[in-house]
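Following are the structures in question.
The two complexes that follow have chain A in common; it is paired with chain B in the first and with chain C in the second.
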Partner chain A sequence: MSNVSLRGLKKSYGSVEVIPSLDLDIRSGEFVVLVGPSGSGKSTLLRMIAGLESIDAGTVSVEGEDVTQRDPGDRDMAMVFQSYALYPHMTVAENMTFALRMRGMDKTTIGERLTESVRMLSLEGLEHRKPGQLSGGQRQRVAMGRAIVRQPRVFLFDEPLSNLDAKLRARTRIELRELHEKLGATSIFVTHDQIEAMTMADRIVLLEKGRIQQVGSPREIYERPRNTFVASFIGSPEINMMEGKLWFDNGTAWFEQLVLRSRGSESASLAGVAAGGYTLGIRPEGFDIAREPLEGSVPMVVGAVEYTGSDTYAFGKSPMGDLTVKIAADFQAVAETLHTGETLHVKALADGWHLFDSSGERVTGG
Partner chain B sequence: MNRSRVGGLLANSVVWGYALMILGPTLWVLSNAFKFKIDIITGATLSPFTWMNFQELLFSRQSDFLANLFNSALIGVVSTAIVIIAATMAAFTLAYLEVKPWVRWAILGWALLFHMLPTLTFVGSWYLMYSSIGLHGTYFAVIMTHAVHNLPMALFLMVSFVGALPRELIQAARMDGCTYAQVFWRIVFPLVRGGMIAATALTFIFSWSDFAISLTLTSRDTMTVPVAIATFAQEYDIRYGEMAAGTLLSIMPALLLILVGQNFIVRGLLAGAVK
Partner chain C sequence: MAPAGLDEKARRNRRWVVVSLLPVAAFFIVLTAFPVVNLLGLSFFHVEWQDGAARFDFVGMENFRRLFSQETVFWAGVRNNIVFAVVAVSGQMILGFSMALAVKTAGSYGRALLTGIFLLPIVVPPIVIGTMWRLIMGREFGLANTLLGFFGLGPVDWLGDPDLALASVIFVDIWHWTPFVFLLMLAGLESLDGEVLEAARIDTVSRWQQIRHVIMPMMLPTIAITLLFRVILSFKVFDEVYLLTSGGPGTATEVVNFSIYRTFFRQDQVGYGAAMSVVTLFSISLIIILARAFVQRRASRREAAT
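The block that comes next holds the complex of A and B.
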């Protein structure tokens, strides 16, 4: 267990700045997920921590020890690759013990560690197979095993689940998380999949264009997105973003035709906010739905209804733009009879909204 | 006749014409090797069978053919070994180490250019170079020149083979604590063995059948088979029988290598074409 700290990390390819300057502290035993769209620099960052990518400026330290100039093999970090990168000419056992043999560890210890990891990953009976004779899921576990036997200070994961089918991915997500609880090692996990990030992370680091947009627990990131990018990236279906004017009338806050309320005292979260132009974000589940107009609601003409089994979403047009609305469970009767072309009336739930200023930064919200 | 039949006929005749161009002389040489000189000169198709040409070639005092075979083998084996080791290591360096792009392109570009220029452009200067330092006619001179001459082709082959290895494999080995040298010997070397066999077969055959370089740089003691065969054609007497027998014998190792290596060669030439 070790903490990892990144200070002023910079990386450019020629004139293209991939990571302008990045600081991040990862606590000991923490499971941190680096997430972002493709080209956000998350994989590059992971490879810089691993030592596989040169660093233009800044330092990487593990437990206060500067490892920036060390070889990848001397950082005591293990990595699980997206393609697994198993050595095709070695058996499962040889693959898993390769790093230990390179370190000249004695045979008994190697044997013990191998047996333990094989059992932990239920790879019994496959030790003498070559990677080519394994299924995708088994290969993935061998790749994990290769990292586990080393008992490294830090685990690095580079989208290790993206080559699995959906069902196996969901299961492996849980297994990986359980494994983390068991081993308690510091883990840095890269993914572009927000579900993976949300379900696995202790803390999420959201990157875009090499800059950290927000660091926080999955709940913090979802419920208090720091800017419009974070709000849009996390959440599926995507958050509704509306541009318009905020105005006050007798203590009631209005955003165009929508009333904005807070739980407890009315409009409390808007105290001290000036009227003017803003961007309003409301997640699909942040709406109250009715068949008749309510005070502070907008009409929405339903264009499509999407039934996913557990949830129903309605997509439609309103005076404030296109909206995606989740139909709450207690409104299922409506969902069943809802049809295209019908008009629904939606209003923002108390604290179900986020207000961003013109530069996209969070002002206030639920 | 419809179009496709005309096309088929055309294609067939091209193939057969091509086969005739190769098989005709081969069969002619093959049959000459077992004929008496008088039958060869008179152009007799059906003639008495004899081993005499082989006896003359291998055991007469006028011929050093066994020594020539040894020279060819020695030069071929040593120069091929040098080429393959250098090419594989260079390919690894070019593909995975931090080589500046312009250096990579300069090396590969020069290799291609060098390979495209006719060998005869260079042999004159090589002759002068080796003569001036007193190394003309030595094994060293021919071996080094064959190595230099065949390196570009082997380099191109090995770059495609080594470059086809997934990058993450090399990175995984680095994470597992390998130095680049260890990555090369423990990961890259075992995985490109097929490519090395292909490159070895081609390089050896090129060295074995080379004429221009060997003619210029060998002396009587280091003479290779192709040069020796050419010496059978003298001003007043062309010894067709011995030439044919020598050709037949010299084809054997190449044929054997092709049979062993053809799978690998085809794969090598296609490497990188499809994933």
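The block that comes next holds the complex of A and C.
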């Protein structure tokens, strides 16, 4: 069983520090997704693990074995590239068996592994085609096959789905996940797409400016973002962020005109938190909507309505700034008649809010 | 649109194609086709200079008969030229390719420096190259022999020894033309897909495997073009031979181009020289046609195999 461990990893290009110092442990058989905006260092990090990028300081080890100084071909890792990087002069079968042939593996084993992978990826009948004669989706599968036949200790994926069209991408996401369940190999997947991260990962590693912002399951990251960056990056449409004052009135917590409730004993999660200036984050689905004002609600003048088929979102202005509100399914009657210029009254759902201090860190009560 | 309108459009298109190609075609006929035809004609004549005018005597195939039965110097030149082409071009290809690989993997700083140094020979005028190497390879005071002298070796008569002269000329040609090959190879390497090369780094266990199984096959078109170009040019070598050895000693460094030059201009045997040119021209054309056919057949067989 393999696990990848990064210790004090550093990388700079000249005076530009891409990765200041990074520690990360990846458990064996885990599907880890490195996600972040462009320039966050996620691809660089993956390439450092692969050995394609030199490492300024720190160590990469696999199964407790230090591989920092090893060549990329000597780390027992396989990588799937964004452009698939198939060898244009080789057939599908030659592409897939290349690494095995270069390692002098015997022909029978190579043949067995090839047949197995070709079947697994439904590439039957394409074995003798050149990459130039394949569609984008087929090439993507050949690139996967090239990694699978090696049965490596670690799979590395560098945005392998970003060149596929939306429909194919959604399907490949599921196939990849199923493949992972079958093979159970340690996988590190880089993407800038938060949907890919959310749907595929066992654990998400969210990076920005070469620093890990948060590591956790998709649910943890979505429901308990550790800072404003994580909260804003994950979730679509984006979370609503409001600056303002937190105050307490007779045991009830208020954020400006909004009342903040918790499901447990009231305001329990804010126990011990001092009143003052904070940032409040509420996801579009974290609102309760009414046509009439309620206690602790704010009015919102609807500026635009977006209907996506399954959901309806209202965009509008409130005294606390611009808001995006998801109209819940049991409120579809409102959604159908909603028109711009109308005023809705919105209120934070119990536990539907996140509080961050002035440095952007999550605030939790004692 | 109606078919009539389409026809009209096609006709106008064709007219435009003809008109725009005409100047180039005319240029080609005047400057290339005409001289070749003229040369072919000339090869059937014996030309004498009398009272400041040329007198043409039609001799039929006599010039060719003489070339194929009595000539020795020209055929020595052909033999030398084949050796020259094979050795010099192979040397240039191997060196040029290796240097391009080295530069490609060097850092940006080393890259600029190496490229500058490697390109130096190609910017030196041929006349300077000839003179410079003649000085270096001179028997008595040459730099090469002075250096050998430090080790108690030599002196070696680089250009005067019949066994060494051709090798020396080949050496200078390799020095002269490797930068050209290097440049084309570097351009070819730069155009390769970076991710494919990275995939190769992960899939292989040695640098040699990367070169042999990924880089070389992907570079094949560049290699083929460069090779063809260099082979043709090596059959036209003149300046280096003229300046270094003038074909000597004996016929040791005689090359085709040099024989033609001497027969045509020095000995005023215009008809005979023309016959030599015609034979050379057609032989090289034949080689190119065969080479192209071979490459295409291989390519199509490979397609068929897939």
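Here, the second predicted complex is superposed on the first by the 363 of 366 C-alpha atoms of A that agree within 3 Å, B and C clash if a C-alpha of one lies under 4 Å from a C-alpha of the other, contacts with A are read in each partner's own complex, and residues count from 1 in each chain.
The working rule: a contact is a pair of C-beta atoms (placed from the backbone, for glycine too) under 8 Å apart; a residue touches a chain by one contact, two chains touch by 3 or more.
From a predicted model like this one, the values you see are computed outputs, not experimental measurements.
Chemist: Chain A superposed: clash or fit between chain B and chain C?
Modeler: Clash.
Chemist: Tell me the contact category for A:Ile55 with respect to chain B and chain C: first, second, both or neither.
Modeler: Neither partner.
Chemist: Tell me the contact category for A:Thr91 with respect to chain B and chain C: first, second, both or neither.
Modeler: second
Chemist: Now for A:Val118: first (chain B), second (chain C), both, or neither, which partner does it touch?
Modeler: The answer is neither, since A:Val118 touches no partner chain.
Chemist: If we overlay the two complexes on their shared chain A, which of chain B and chain C does A:Ala78 touch? Say first, second, both or neither.
Modeler: In the superposition, A:Ala78 contacts both chain B and chain C.
Chemist: Of the two partner chains, chain B (first) and chain C (second), which one does A:Arg103 touch, if any: first, second, both, or neither?
Modeler: After superposition on chain A, A:Arg103 lies in contact with both partners, chain B and chain C.
Chemist: Applying the touch criterion given at the start, work out whether A:His128 contacts chain B, chain C, both or neither, answering first, second, both or neither.
Modeler: A:His128 contacts chain C only, not chain B.
Chemist: Chain A residues touched by both chain B and chain C?
Modeler: In chain A, positions 50-52, 71-74, 77-79, 81-83, 85-89, 98-99, 102-103, 146 sit in both the chain B and chain C interfaces.
Chemist: Applying the document's contact rule, which stretches of chain C touch chain A when the two form their complex?
Modeler: Residues in contact with chain A: 193, 195-196, 198-206, 209, 213-214, 217-218, 220, 305-306.
Chemist: Chain C touches which residues of chain A in the complex?
Modeler: Within the complex, chain A contacts chain C at residues 50-52, 71-74, 77-79, 81-89, 91, 98-99, 102-103, 128-130, 133, 146.
Chemist: What does chain B use to touch chain A in their complex?
Modeler: Its residues touching chain A are 98, 166, 168-169, 171-179, 182, 187, 190-191.
Chemist: Which chain A residues qualify as touching chain B in the complex?
Modeler: Result: residues 47, 50-52, 54, 71-74, 77-79, 81-83, 85-89, 98-99, 102-103, 146, 150 of chain A touch chain B.
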